[in-house]
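Look for chain A in each of the two complexes below; its partner is chain B in the first and chain C in the second.
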Partner chain A sequence: MDSKRRDFLKIAGLTAIAGIAAPSAFNTLLKGEAIASAGQAAAGGHGAAAPTGKRYGMVIDVKKFTENPGLAEQCVSACHTIHNVPDFGNRKDEIKWIWIESYEHTFPTESQYKRPDALKDMPILTLCNHCDNPPCVRACPTKATYKKKDGIVGMDYHRCIGCRFCMAACPYGARSFNWRDPRGKDANGQPFIKAENPKYPTRMRGVVEKCNFCTERLAIGQIPACVEVAAQTKALVFGDMNDPNSEISQVLKTSFTIQRNPAIGTHPSLFYII
Partner chain B sequence: MYGKGRIIPALILFLGLMTSPIWYKSGEASKMPKPEKPKDYTECVAPTQEMRTSHMVLLNQWRDDILREGGARTGKTPNGTEYVRSLQNGCMKCHSDKKKFCDACHNYTSVKPYCWDCHLQPKEAM
Partner chain C sequence: MIEKAFKGSTGYWVWMLFLLSIMGVGGLCYVQQFNYGLGITGMSRDVTWGVYISQFTFLVGVAAGGLMLVLPYYIHNYKAFGRIVILGEFMAIAAIAMCLMFIIADLGQPMRALNVLLHPTPNSMLFWDMIVLNGYLFLNILCGWVVLQSEYKGIKYPKWIKPFIYLSIPWAISIHTVTAFLYCGLPGRHFWLTAILAPRFLASAFAAGPALLMVIAMILKKTTKFDVGREAQDKLVTIIGYAAMLNFFFLGCEFFVAYYSQIPGHMHTLDYLFWGLGHGDQVYNNLVPFMRASVIMGLAGIALIFVSRAKQSDGLLVISCLLIFIAFWIDKGLGLVLGGFVPSPLEYVTEYVPSVQELGITAAIWATGFFILSILYKVAISVKLEKEA
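Presenting the complex of A and B:
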């Protein structure tokens, strides 16, 4: 009996030592990986962006939209027509790739105290921020949404299971869910997609959709649809932020711009001149 | 055997009914689908046999390459004809009639791909 108790105590002691030692051993092993991922995050960090590769971004000059009434609406309609975005006719089911928002709602983290009166009714165009550190991509359980090498946060609608985690994760409300069939018709028999663009697909019921920075247009050497509409006024400037000679780099260098809620560390690619 | 007079005819009737689908179609082999090939084009992006067996794999490869890797939007056939790597803008440019091309085989094999839930088929064929 005594010897058996000895054996038991030995085993118990060894187990306790192993239990204490294992976490620290694991930590040492995992440290390499932890450092590697921290390095990756730092590469797209504040201010200095990764110098290699493309990173598409956009500067939105808000004043230009006040100077040209109706321009913002034109941008929205150009985008939504090209991409077969349905109009369900109510705010609850609304699908938006690019939309008009008030200053107060676009920049809830900026001070709203003693702002110019003109700011109140200013139409502010907003769309997917194509964040450098996109929370939606981390939330997606099927990798239906992903970050591309050129900085665009893309979506593969084939893979989307409609769980809407990405919508919960997106701090900018840039994602919309198809509660209804986009190919359907309203009560008056009018199709939700007024005129289908035969070059671009529609979506189906039960998937999330969002702005793709006109990746399909960039591929054939065109600029995004909204930028094309606003080209004359230069209200929207689009380009590669990693190219120091691009127009957008020049604008960013010479103008003071703000981003939507930069403090949460998403590193948006959209910059606003207020 | 008890009830022979009823059981045997009933068994024969039952067997006849159960095998009726075979008798109904006996003698004639089910027609193989003949998808209509485009008249203006002679070659596809890959050999016919490969397209027949793995066009769906090719479409998935195109999709993943273009959407995720920023791959080329166009490709070239062995004879040098340029094509768009896209179902809606590429395949359907030549195979413009979905009903006569895609559906011919898909219906025969009872395959129901969901391509057209989102992709738009050419207008004239709708």
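Presenting the complex of A and C:
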């Protein structure tokens, strides 16, 4: 084979490889770019994103939880029972999808100075914010956590490698890791999952989990478990924020609500009435 | 060439057996962790990364430090580094091997590690880190081995290796930049959210990597006939000294921004690391002695390393390099990663203390790194001494 022919083949080979690889590489990069800039333009800083398609959100009326003692606990318990969330009985291994937090810790970036005394004991429900611009999804190296078209940030427990990058990335501490086997039993032979719900999968050791906005219930026409518990009081309002006629859109239009740490541009889908 | 690793003095074999025993004990710890889960470590819901990821971060720096030898030798044709440059390349191989082992040790589902390749995700910095680390490992194995083999055969290295050597230079910068990007792109983690994180990583890498190399070179000078040469030693002092100073300059910038701006989020972690952070009626300060020692050792190391050159004292050189290496190991191998989790995003303070098994696994990975390093250095030095004899 003479050298010219060999050179030609080399170049042809390289061009072919570049031709196959380049469009997909470009597409991936540009797609990310387009999403990022569209989000910013529409958002105009700290506001909401463009109203395209469905976007599920939730309004949490903290006053109603104060008026109905025990309601917040019921919401937590309903969620954790339905989703087989284990109870290890210690803070280190703790797994929680939704939990009760104080004002001070839910809103550390808000002013804590000369607040009403009543604020101190208010039970504030805290869960995944299902951000429109989620840092956890950006960080995940395997797409095990992803944003769905309806705005819900989901988790694939079977793909997660347990690197916990998403936990470092989440600015709301909403994610939990299975430090040990959740299907196991404690020293006294008590299972960590008190009563297993066969309708939702239990997780395995070494994966991350969090609130999924009851995506499995929405799929069969039910509302999220916590919202169902609080239905009578309307302490939790859930729905499509992009539908101007939905109940949540009406509430958001007529009440003053706040989001957790909006300054970092995550665009949370949770709104609080304090 | 590899056969050189199987012939050695009693001292060599005792050293290798010592490393193997640590690897064995750590291996048993890993079996425990594999069966129980990462709950066996000191990590918790609030502090989700511990010594594994902090060692990984530090060792990326040690690997990148090899650049400080490759660049003067191959780009500026600085002949005095002729004997030491191979040590830098081989140290990078061992350091990257340790990095990869630390990542695997930290995974909750290590059997799924290949998901990173099966589902490539360009928006994740961890995906890019996987690419740059494995690429750098490949480049150093290739360049180091080909150049050494040519020397073994008594010929000049082949021309085709040059592009790979040149490529390894920006690649070294990239491994530590991407590793910094793992941290500094996360909203809501004030301590990491700083544009000088990557430059600071590089500065400490260019001090800590060559400092470790210098200590090893001095040990080799004592135990074998291999001497990297006075000129190389003196030049490395300049490199280590200035890189270490640059690191402290960057640290000073962090302090200024935090304490002059008075923004609480920016001050919290520095408070926790250097003074103790009050929360509720308790003060949390378990890293304070380490961080203060790090600053003192680092500054003392910088002063002593220049004195060692003025006095041409190898003893003082080893001490100053150890001081700098340990100072930066504390700074990055402890404070940087662990500090970033305190306080938590909800402003709770959870302190982290590694478990015995966790320390066992950590020691075993370091031992494995030194095991690889010893084999590679044994080969390199045998070849060099044989050719010079």
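Assorted remarks:
Convention: the second predicted complex is superposed on the first by the 225 of 274 C-alpha atoms of A that agree within 3 Å, B and C clash if a C-alpha of one lies under 4 Å from a C-alpha of the other, contacts with A are read in each partner's own complex, and residues count from 1 in each chain.
As a working rule, contacts are C-beta pairs under 8 Å (C-beta built on N, C-alpha and C of every residue); 3 or more make two chains touch, one makes a residue touch a chain.
Since this is a predicted model, take the numbers as computed values, not measurements.
When both complexes are superposed on chain A, chain B and chain C fit side by side without a clash. Contacts of A:177 after superposition: chain C is touched, whereas chain B is not reached.
By the touch criterion stated above, A:110 is placed in contact with neither chain B nor chain C. By the touch criterion defined above, A:247 reaches neither chain B nor chain C. By the touch criterion stated above, A:164 is placed in contact with chain C alone, chain B being left untouched. After overlaying the two complexes on the shared chain, residue contacts for A:148 are found with chain B alone; chain C is out of touch. By the document's definition of touching, neither partner reaches A:73: not chain B, not chain C. Contacts of A:202 after superposition: chain B is touched, whereas chain C is not reached. Among chain B and chain C, the chain that touches a larger number of residues in chain A is C. Taking all C-alpha atoms of chain B against all those of chain C in the superposed arrangement, the shortest distance found is 11 Å.
In the superposition on chain A, chain A positions 204 are in contact with chain B in one complex as well as with chain C in the other. On the chain A side of its complex with chain B, the touching residues are 84, 146, 148-150, 154, 156-158, 196, 198-204, 219-220. In the complex of the two chains, the chain C residues touching chain A come out as 36-39, 43-46, 48-49, 103, 106-110, 112-113, 115-116, 118-119, 121-127, 130, 182-183, 185-189, 265, 340-341, 344-348, 350. On the side of chain A, the complex with chain C involves touching residues 28-29, 32, 91-95, 101, 104-106, 108-109, 126, 135, 137-144, 159-165, 167-173, 176-181, 204-208, 261, 264-266. Remark: chain B residues 63-64, 66-70, 73, 88-89, 114, 117-120, 122-123 touch chain A in the complex.
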